[in-house]
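Please find the structures below.
In what comes next, chain A is part of two complexes: it sits with chain B in the first one and with chain C in the second one.
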Partner chain A sequence: MRREAILNAAIAIALLAVPLAAQAMGEPFVITLATKVAILALAGVGLNIALGLGGMVSLGHAAFFGIGGYAMAVLAAPVQAYEPLMTWPVEVAGTKSMPIIWLAATLAGGLAALAIGALSLRTSGVYFIMITLAFGQMLYYFAISWPAYGGEDGLSIYVRNGFPGLNTLEPLQFFALCYGVLMVALLFSRVLARSRFGLALAGARQNPLRSAALGIRPYSVKLTAFVISGAITGLAGALFADLNRFVSPAMLSWQTSGEIMVFVILGGVARLFGPVAGAALFILLEHWLGGFSEYWKLFLGLALLGIVLFARGGLIGTIAGREVAHD
Partner chain B sequence: MTEPVLEVRNLQLSFGALRATDGVSLTLCPGEIHALIGPNGAGKSTLIGLIAGTLKPDAGQVRLAGRDVTAADAAVRARAGLARSFQVSAVAADLTVLQNAVLAVQGARGQSFGFFRPALADAALRGAAEAHIARVGLSDRRTIPAGDLAHGERRRLELAMALALAPRAFVLDEPMAGMGPDGAREMTALLDDLRHEAPILLVEHDMDAVFALADRVSVLVSGRIIASGTVAEIRTDPEVRRAYLGEEMLE
Partner chain C sequence: MSAMLLIEQVLNGLQYGVMLFLMAAGLTLVFGVMGLINLAHGALFMVGAFACASVAAATGSFWLGLAASLAAAAAAGAIVELTVIRRLYARDHLDQVLATFALILVFSEGTRWLFGSFPLYLDIPPALAGPVTLPGGIDYPLYRLVLIGIGLAIAGGLFWLIGRTRLGIRIRAGEADREMIAALGVDISRLYTIVFALGAALAGLAGALVGALQSVQVGMGEPVLILAFVVIVIGGIGSIKGALVGAILVGLTDTLGRFLLPVLFGAFMPPSQATTVGAALASMLIYILMAGVLVVRPGGLFGRA
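Showing the complex of A and B:
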């Protein structure tokens, strides 16, 4: 426990220190990379609540990630087109304000997770994986055939959305925002894991029959966790779209679902900082190995295989050892 | 005769052509231990599933404390006071003994949807959980993950979790399974004590324990109850002898 806490603190400090150093050395690209790590880690923190705490292997989290991204586009695109968002029954204007966009993306991700989870959680095991994948693909093809937001080509949002009191066009300030959101999500995730709900979720994961025999409906507990998970991943999607100033159906593709899952598994399933370590390693590999060979994903695959076979706790587990039960 | 706490009326369930439960009726009255015995494949676990609510009957009724709970799921029946233990130890292996017990207490109270305060910091929850752990003699093991407990200890943890439901009736599926003679003796004493808490429907293969504890014994064969009576009556029942018990077991 102590070792893991120190390791977590070291990761948090490193993720903050790298962009600060990059700023000092005039390397804005590195700041963008760090921002990407923070945002993808946030998506992983969301998935980790479903996968790690709840044991729900969702291969459809790109749906929530993409919905968050499109929520941003739906709100921000009318502003750059000088049009209202809707005119009937009341006229509503779009917005370029991040807090409102974040709220919308979180709600949209959570609602989508409620609908998808309510149906998917009637199954389990490999069927759950397949049905979440199917829902993800449904939304992917919907986005492709949705001309209002660019269809297959996606849609550019030319100016990054704003946050009161900050200049989000400044890479370091946008990074700080994303980092702050990530830290809040990590804190929430930690509090959740130790709460009564977290205990009920652990029970539902490890022994659903026993949970029911204790008066706790595993379905309700898991669905609630799935909604929280989808909401956080949705928020990450809005930030990711803002980072790229672009949304496209690729955010909804099953490869995205797979990548989010890779962050969690690389870093350590159910470990608090697992998604952060995993996303950081993934981005580092992408850029270092990607420089040597365009087949870098082959090496990523080998690394993943090694971790699954020999290091079940992922990076965090390998360094910090077995998770010690708290208290 | 007092009102039964748990009553099963003409319960039926078929899996395809197999009649797993074929018109079973039985009662569990306050203060008693009612043992259910029968050969492997007799349908004991199916009957327990039907009583606990994990299986739905094709016909028949389950009544708990005078209330019809046939349509209620397992979680509702648990909160209504039906405490069940499993044939294979069912605890959350990665959680500590104390966490398992807290989980049971919050489940019984319907307080599982608290998202912020640490569960173990709740003095009321924790106090109740520690009392149940003490009752089964696991106080000095409370920080151990349940998966690291010895078999007999895990069995006792299950009982502590059942106690947390403030049960009206226990339904225990082979609590002695896999225990050595010492463990079985301890468990027998514990069950004898628990009957004052709530009556016990006891499914058990350990005949020493059944004959020592049971007030009544019902014999289930092929989904039917073929005999029901006191230990002495069952021991001498010729049909039971033929269908199930080896002659030597009855001497």
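Showing the complex of A and C:
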């Protein structure tokens, strides 16, 4: 555990130090990459609550990620078109304010997770994987065929949304914001794992029968965790849409679900900083392999295969030891 | 017009359904016997389509291409089983998902490397091109009718294989108790390779047959894979009968939904709005069907759960 704590601190400091150094050297692109890592890691932190703590192998988290992104677009698009968001029954204006958008994205992600989770958690194991995947695809096809927000082409939000007191158009300030959100989510995730709820969730994962006998309904505990997980991933989706100033159905595609899962597993399932390490490694690989081959995903696939087959426990597991702390 | 158009759509749905069955049968067998979730099944569909398109282009014969698709997909399946999949049987589903996700990347990018990003085209064999007139005066493409026939014949063949042959007995025994049949002297790892290659060959065949109706391109397997998942969730994992019923149900629901929903909404909406709402709802219809089946029977229609 000590080694893992030191490693976590090192990762947190490195993720902060790299963009600061990039700023000093005048490399804004590196800041954008680091921002991407922080946002994708946040999506992974969300999935890790379902996957690592709750043992729910969801291959449909792109649904929540995309819903968060579209929540941003739905709120911000009317502002750039100088139209109200809705006129009936009361007139509501859109907004470019990040706190409101974040709240909406978190709620939307959570609500979607409630609906999808309530149905999917009736099953378990491989059924659960396939069903979450199928619900994700359902939303993907809906986004493609619904023309109001750009359909297949997606929708551009030309100016990044604002946060009180910050200039979000400045890459480093936007990074700091995303980094802050990631740290809060990590702290929340750690507190959650050690709370009574976290222990009940671990019980429901390890032995649902015993946990039911102790008076804890595994279904309710897991559904609650799934909703929290979807809400955090939804928030990450809103930030990701703000980073790109663009939403499209690609955010909802099942490849996105696969990638979020890859971050978590690459870093180490159920490790607090697993998603951060995984997302950082993924983006590094993407950037580095993409530099010398157009077919970098081939090598990414081979690397992933090697990691699954021979380096179990992910990056953090390999460096800090296999044992996962039980406290 | 309506009745004839409806019959045509029903046939289209049936054709779609039997092709989904070819995909779903392999998935459900592999899951039933080996307990493995294989996301790379769609990659084998793509391998079959590419093998057929390139051999057909080189030799000019669709039928040689079809044979090549079976051979290539079965060989790819056997190689993947021997090198990667074999190590995953004892692992949890999470490792299986990640490893087979990685396999998709390898297959997709490998194919892009070999064939480039542009789609290949595969022509319907001349003997099967053109329409036939069905009783009642409906003109329907002969090729699609043949696909329905091939699909149903293969379904029959699979039922015979599983139910009546020695290999089928071993497969069923492998589903029930793998230690026991290993103790009875069946070479279980060879059986697994055979089952995996059989599933792969079916997927490859489906890819080649469908390839003549659409373009052959990288990534063509994944949408079909996900529909095949929906099929086996509806039918019940491990059940060939469930896969057949589920596939036809999904094929018909999807095709008829796309046809009927805009008409239905047109009854009380302006036409442009009806088309939009109808198309959006139609694209979600099979998932709604799946959710409905799960609410009533969480283990699928023919599942054991």
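By definition in this document, the second predicted complex is superposed on the first by the 322 of 327 C-alpha atoms of A that agree within 3 Å, B and C clash if a C-alpha of one lies under 4 Å from a C-alpha of the other, contacts with A are read in each partner's own complex, and residues count from 1 in each chain.
Just so we're on the same page, contacts are C-beta pairs under 8 Å (C-beta built on N, C-alpha and C of every residue); 3 or more make two chains touch, one makes a residue touch a chain.
In this text, all values refer to a predicted model and were calculated from it rather than measured experimentally.
Asker: Taking chain A as the common reference for superposition, should the pair chain B and chain C be classed as clashing or as fitting?
Answerer: fit
Asker: Using the superposition on chain A described above, determine whether A:Asn207 touches chain B (first), chain C (second), both, or neither.
Answerer: Only chain B; A:Asn207 stays clear of chain C.
Asker: Is A:Arg245 touching the first partner chain B, the second partner chain C, both, or neither of them?
Answerer: Neither chain B nor chain C is touched by A:Arg245.
Asker: Please compute the chain B to chain A to chain C angle from C-alpha centroids in the superposed arrangement, rounded to the nearest 10 degrees.
Answerer: An angle of 80 degrees, rounded.
Asker: For A:Leu298, is the partner it touches chain B (first), chain C (second), both, or none of the two (neither)?
Answerer: After superposition on chain A, A:Leu298 lies in contact with chain C alone.
Asker: Once the structures are superposed on A, label A:Arg190 by its partner contacts, choosing first (chain B), second (chain C), both or neither.
Answerer: A:Arg190: touches no partner chain.
Asker: Nearest CA pair across chain B and chain C in the overlay: distance in Å?
Answerer: Once the two complexes are overlaid, chain B and chain C approach no closer than 12 Å between C-alpha atoms.
Asker: Considering the complex alone, what residue numbers of chain A touch chain C?
Answerer: By the definition above, chain A touches chain C via 51, 57, 59, 119, 122-123, 125-127, 129-131, 133-135, 137-138, 141-142, 144-147, 254, 258, 261-262, 265, 269, 295-298, 300-302, 304-305, 308-309, 312.
Asker: Taking the complex as given, what residues does chain B use to touch chain A?
Answerer: 52-54, 73-76, 78-79, 83-84, 86, 90-96, 98-100, 102-104, 106-108, 110-120, 122, 125, 143, 145, 161, 164-165
Asker: Within the complex, which stretch of chain C touches chain A?
Answerer: The touching residues are 31, 37, 39, 84, 87, 93-95, 97-99, 101-106, 108-110, 112-113, 222, 226, 229-230, 232-233, 237, 276, 279-280, 282-284, 287-288, 290-291, 294-295, 298-300, 305.
Asker: Okay, in this complex, where on chain A does chain B touch?
Answerer: The touching residues are 191-192, 194-200, 202-203, 206-207, 209-217, 221, 224, 325-327.
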